[in-house]
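Each chain carries a letter (A, B, C, D, E, F, G and H) given by its place in the written order, and its residues are counted from 1.
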Amino acid sequence: MSDPVTSPTPFPAAGNISDAEREDLRRHGILMTSLEELHNWGRSNSIWPLQFGLACCAIEMIAAATARFDIARFGAEIFRPSPRQADLMIVSGTVTKKMAPQVIRLWNQMPEPKYCIAMGACAISGGPFKQGYNVLKGIDRFIPVDIYIPGCPPRPEALLNGLIQLQKQIKAEQLTGPNAARFTRPEEPSEFPIPAYGAHDLVPTKNDALWAPPTPEAKA
Amino acid sequence: MNPFTPSAPTPFASAPGPTVRAVHDEFHGDLLEVSMGPQHPSTHGVFRMVATLDGEQLVKLKPVFGYLHRNHEKIAENTTYLGSMPYTDRLDYLCSMSTNWAYALAVERLAGQAVPERAQYLRIIMAELTRLVNHSCLVGFLFNDLGTSFTPLLYAFREREKIIDLFESLSGSRMMCNYQRFGGCRVDPTPEWLAAAQQLVDNFPRFLDEYERMLTGNEIMLARTQGVGRLDATHAINAGITGPVLRASGVDYDLRKVDAYGFYAQFDFRVPLGAHGDTYDRYMMRILEMRESVKILQQAFKRLPAGPIMDPKAKLRGFRPKAGEAYGRLEGPKGELGFFLISDGSPNPYRYRVRPPSLINLTLLEEMCLGHTIADAVVILGSIDIVLGEVDR
Amino acid sequence: METLEQIRARLLLAYPAAQITFVTNPGPAAEHSLLIEATHAVEIARWLRDDTALHLDYCSNATGVDWPDKTITDVATTTEPDPAGGPAKTVETKTTRLQPGYLEAIYHLYSIALKQGPVVIRLRTANRTDAVTLPSLTPIWRSCDFQEREIFDLYGIIFSGHPDLRRLLMWDEFKDHPMRKDYVEPDDYEWEPTAHGAVLERAKPHQSAAAAPALKTGGTP
Amino acid sequence: MHDHPYAFLALFLGVAIAFPLIMLGLAGLWVKCFQPAKPGVLKNATYECGLEATGDSWIQFKAHYYLYAILFLIFDVEVLFLLPFAVAFTSLSAGPLFAMLVFILLLAEGLVWSWQRGYLAWK
Amino acid sequence: MTPLHLCLLISSGLFCIGLTGALARSNTILVLLGIELMLNAANLNFIAFWRFGPAPSPANGMIFVLFAIAVAAAEAAVGLALIIAVYRHQKNIRLQEANTLRG
Amino acid sequence: MLGSGIINGLIVTAKNFAGSYHDPERMVTVEYPEQKTVLPENYRNFPFLITENATDPMGTLRCVACQICEKECPPQCIIIEKSKDKKPDATGKLQLYPAIFGIDTSVCMSCQICVEVCPFDAIKMDKVFEIATTDRFQDLFLDRERLAKPNSYYHEIHPVEAAEVDGRLLAERKAAEEKAKVAAAAKAAAAAAKPVVTPPPATP
Amino acid sequence: MSAAALTDSFLERAPLALRDWVVNFLPAPLQWLGHHLITIIAVLAVFGTFFAFTTIAERKLLARLQNRLGPNRSGLPWIKGLTLFGLSQPFADAIKTLTKEDIVPAAADKCLHFLAPVIVVAFSLMTFAVLPFGRHLIPVELDAALLYFFAAGAATELAIFMAGWSSRNKYSLLAAMRALAQLISYELPLILSVVPIVLVTSTLSTQNIVLAQGGWTFGFLPHWFVFTPWGFPAFIIFLVAALAESNRSPFDLPEAESELIAGHLTEYSGFKYALFFMAEYFGLTALSGLGVTLFLGGWQAPIAALQFIPSYAWFMLKLIGMLVFFIWIRGTLLRLRIDQLTRLAWQFLVPLALLNVGNAAFWILTASWSGPLQLIRWAISLAIIVIPFILLGRTLTAGYAPRTYRYAP
Amino acid sequence: MLGSAAAAMLLRNLIHSALLLILSWASVAAFYLWAGAEFAAFAQILVYVGAISMVVLFAVLLTRQNQVADVVIEPASRKRATTALTVGACLAGILSAAVVASRFPAAAVTAPATTVKLIGLELMERHGAALLIIGVILTVALIGATLLAATEAKRNPEDAP
């Protein structure tokens, strides 16, 4: 999904179901779809984020959990300190090159299905600090990101907005068929290589299988 | 009272390297090296402590930095003076207002820039509000480290939101105020804003009372914090520890009094001092300082003069201070926050250096923690009050 | 507090062999400083700390500065008598010389006991390449511990006598000293839709294909 | 098969063990049907705050509270005698009462002794 | 076979396992545990004779078991404390080497 | 006595529990997607470009592509390319306009410096923050078309500030018109030729 | 039984009648089996649901304590726009954890890692067997029911140790050791706090203990043990020990987030984690149930006039009350340190509990005192417990006191 | 019961052994229960599973260093193991033969109705002296064990981290 050209869109846009998909639905039968719906309902209402903050954005993430904004209303206040029980990784803040391997390792150690929100300019692209020599220019160079929330820092409401979008995305996921979600497909990787500390930079500087800058055709 | 005696033995004159305190030991086992952080619920960000444990007891503790090293200084040396101002917001992201001021202070020293009176008052108002924000959050986080299930933190954040709302309606952003300019402030608050702020400040002691009622006398809290993480004055001074942590050790050193920068000399407030230098004292310093801040704020609201908020000679663009250097410092909520600037006459600073209180206050972390349990280490770290944006910059 | 000149005088009395230079600060802040030669730095620092009149018990700030090599053009004007006997001609000979760069460590000292300060002292290395060792002041002021490690990390000054000189901010495998003025940043600007200025230079090689779509979105009305 | 007085407990134990097993089985079934397990070297590595785990955690552990364990063991046994005594308390004569008093005092003395010696204080 | 026979068979089995373990293992903790097992086997016999033996007294067997448990507990406490004390001096819990212990 | 501190704590939390049902001071939750906090006038998120006319946004951009904001933007997230031709601006002067104006919101730090330095009041801060997206490359680079928003929108989100800005602009325009008139009169007097280019009226 | 009892008898017996009715369909030799199985399944179903709602209640109550709303919009699948006040939240969590990938660390002891959650759930469930839920509702009546309860409870901490040790994770190992320390420290005060009741009631059977608390003075002062000078301290000791036994704040050291990440749970994912979670709540519920049984009159109505409400309803109400109290505690207090934890147990609770046993003995021996002597009896009894409480409390908190501060001149 | 006991005695991993032993103790308790000795069964669980196991686990964890080198392979100990096995097997044979061969008087058909109260009465009225002796034993064990376990160890210099 980081590469809009090659990988299929993670879920069909609402109201945009092709004939093949509809056929697929019929084959699934009603049982399958209701199972899917139950499954998605459960998951989307119980998103436990990893308790993990990187920088300033983390404060806004905490603020989103406080009384004023109360992320608990979405069932997502259980910030788990261990990645083993987390469903969502909110990369909230600047990912430095020194920190990147740790972030990726944590992501790897999360069980499927897992989601990633890049919160704030820094997590998306390095943000204001992208000119720094120790700043990773976007966490999506190493792990797949589902939702990007721009802002510096994004308001807590913006995080809630991102969470609602993620819920929508989860609710649209399918268990089987050609558009089956990432975690159901055996060939989709669930762990990503961790870069090593090099003499001048991380080695490698990005995961080529995952990330490529957009090409001119992408726009067309 | 000054604890320093001229003939005091030189602390840490010998190599203060890894010290293994002789732990009174019955069943000495293997030492367990545990990494606390960078992803850890209570390292306040991406700080890492490598703790060597003997059972539950710490025999060694090495802090590891740099997980949030965002190259702030390098970027600032490639940006204009003005361009660095929003970056200072992100240094100590809990108190952007006072960080802004520290930077503005340094640049004003460097360029010999004057600041109008109203702006000085506004700066004091903002800085003290920031202190309230910082200290109440810190206390909340400290209790989180002590093992409450978020309740004090959430109460603290409830109050913080009110102040943050004020900042937002004034400067446009909740956290990244970018409010100070060289020679004044950016926005002039409206009378409604001032009234709202005053009301908030008047109500603040109520919150503090409730907070203290809930926690200060709590037996568990006393047992968890008193006598934990002792820091004596001589060592604290030598290690450059500043701010409430230093004053908790009984040293009377508050830059608001010592340097009397801004208009602090005209305000009537007291500097609380601790006697034991333990975690409890550090906690109480924050509470008492908040009460003093409220006093300062009330005076400031009463006396706020009318007038311009920017020096008419101040320049927004094309700002090129003369060659030279300056070190500006102020009493941030976490300690002495300084900016050291060298100008070579170009629009960008030649050297831009932040003196981060958070980093330097950690100098004696190991010494404070040794012999305590791992649970105490977390609390001691919490009581020092660091913010990683500033530690690693 | 005494002026810096007075301090210098007293210091020279105490350490006649030491070289202590007064460095003026031309800016409005006028924070002048003392340049102290490395061999006596530790003793002088201890003197500054323990002297009863100064009592600089608190080292607030320690920082490094990089002064790269500079080519300085000296214009020497000589008056040459014209061999032809005409009026003496002034000849300008331009000589360029390389002023070798150095690394500098600056310490801001205050006294908490007497509430006075600052006294600024600076130490300089001989050059920027091989003779980059300075004495560590951590044994005198523990607060220099992390700051000197940071200077070592970012500027590459080696502090002899530092108890634990490791990189502070970057990882141990890192080779460069990134705060030096000639540090070359790693080239990782693969995608940069808003490249210009300095960034553009670095992003250019990657831009040709990548940034094109973003730029194309403009167009004339 | 017939109803043994304690058959209920046995059955209860059986069901109590079966219950989590069935749930885990269900979870396993789901994994089999829809969600291929994707173990990996990196994923199954031991967690250590995002770092690579170093050293073994199965070490010889130092536990100050070994003394507590011994105390606990002894007092547990005491409770064992205390309970039947307590049940019979109301119908006992003075002699046994006195015996029990001595018994308890003996053990309490042990507690006081270790307290005095500082074994109850964590060092 | 009567239940009593069954009980006795089981208890003798347990006893022999405990004995074998206590003899075979060189790890002192395991030796101690073997001894505990043997004690358990004895307890089993108490219960068996109390329940299935002739002319049972109402609570005697049980009380003996209680006493036995108490003694076993005391034995375990002292035994393991001893092992730990030895280990601390020796960094070793193997039986053969324990006799080389001196102060 | 032992326990009194704990009981005090319990009383405080109980008070807060009860308060959360009746005391708006204590119950501060704003149920986000349904209820929203009113953003203060000064709130800023990302910049946008002001156009005078909603019907012809690209034709009436206030920006004159002076590139000051591009230079001053601390993280360098603005890109501007000047046009080749000129168009009349609000005051009627012929000005360049940006052929390309892009802001990378995935980098922008919402610092408002671009707004402060812009001499033409052409760039202002928007308040929209619900812009989470799944595609960083497509959605987060805002080009000219997506940045342009009419002046009426500006009035909507920053009423006080916008009124002030418009007042100032109006004054400036008046002054310019006066000057133009004087100049025109002078010119007319001189040559009595050449029509004056009238500026498009600004949308209120 | 009063007249009200006549009206309640049907409701009282309804669950039993239902069971007997179902069992009748089974062939006679299997009836005992069905009888037991139905009881077990009923217990499982009731407390399974109860667990689910406890979690959501905890989240909502904590939220309210913290001035938040808490989960309130889960609703149901298939139906849009329904929120159900978030009551379906636990089911969403259940579905999620059930379908979550299960990670077993490569270094772990696989067998124990698998067994630990099973054992912990099994044994925390086992403790329900002896709780009298109602006048006629008790899964099994044992003569040594209390002993059984504690015996079953002891196994759960062992399982926590297994979990922590088998994960082969440093935080888990520390947690495992803490779990052991906690067990060895708090099992004893827990049992000792119960001994006074055994002294007074001369039985270990839970049902008999509840029966012993029947009756009222003047029709509204129930004869619950918590209202006696020995019962109240015992109840407090029991509460503290119960909190510690079920690893609840302020004794949640094994999973102390701020120090040990998630403690023994650090390496557990998916449903195994949920099982631990479940076991914690089962354990808490069972201990609360025991507390209700022993001190709060079990299923007895608080006022004679309210006897028409079925006994099991009273039991449940009191149980919920206890749980709310525990949640309240969790929302307020901070965590003890491990040394303070053991110290509190051994230097405060155990001596106090032992004294309290003597107190109860005194109470029995002076049962015949009446009139003004009754007052003296109360006074002595209170003195026996209050004076040591104050003295021991002093030594426990010696050196800790709020301080006053000076200001710079 | 037998199986777990045997396995416990065989396993190399001390923790596994200890846990298996706990299982076997628990099954002994189950056996008591089967025999109708309710109080003894729960007492067995309480003391063995709840308390002795703790002490054992602590002991194992405190002395873990040599567990890997707990050698059965070494010739000396292998010899010992074989001897032990033969001794055990012989004894097992003899005992079971004796059991099978012996005749016991007819057993009581129903379990003696033993309530806890009865045990208490019996214990206190008839075995008071024994109780006191047990009390002394326990106290002595307590003091002895604590003393043993708490004596200050000399720290070897190489232990220093």
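Quick notes on this structure:
By definition in this document, contacts are C-beta pairs under 8 Å (C-beta built on N, C-alpha and C of every residue); 3 or more make two chains touch, one makes a residue touch a chain.
Not measured: the values here are computed from a predicted model.
When chain centres are defined as mean Cα coordinates, E lies farthest from chain C. Two chain pairs, A-B and A-C, are compared here, and A-B has more C-beta pairs in contact (counted per touch definition above).
Chain D has its Cα centroid 63 Å from the Cα centroid of chain C. Per-chain CA centroids place chain C at a distance of 76 Å from chain E.
Chain centres here are Cα averages; for chain G and chain H they lie 30 Å apart.
Here the CA centre of chain F is 59 Å from the CA centre of chain G. Among the residues of chain F, those touching two or more other chains are numbered 2-3, 6, 9, 12-13, 16, 26-29, 31, 74, 76, 104, 107, 109-111, 137. Each of residues 66, 69-70, 73-74, 76-77, 81, 84, 88 in chain E touches at least two other chains. Shared interface positions of chain B, defined as residues touching 2 or more other chains, are 25-30, 32-33, 36, 38-41, 54-56, 66, 69, 71, 74, 78, 86-87, 90, 150-151, 154-155, 158, 161, 176, 214-215, 217-222, 392.
Per the touch definition, chain A reaches chain B in the complex via residues 50-56, 58-60, 62-63, 65-68, 81, 93-94, 96, 98-99, 102, 106, 128-129, 131-135, 152-153, 155. Those residues of chain A whose C-beta lies close enough to touch chain G in the complex are 34, 37-46, 51, 66-67, 70, 72-75, 77, 80-82, 84-85, 87, 109, 111-113, 183, 190. If you check the complex, the residues on chain A that touch chain F are 1-2, 4, 10, 67-70, 73, 118, 121, 124-131, 138, 140, 145-152, 154-155, 157-158, 160-162, 164-165, 169, 213-214, 218.
Listed in rising order, the residues of chain D touching chain E in the complex are 66, 70, 73-74, 76-77, 80-81. Only residues 1-3, 6, 9-10, 12-14, 16-17, 19-21, 26-29, 31 of chain F touch chain G when the two sit together in their complex.
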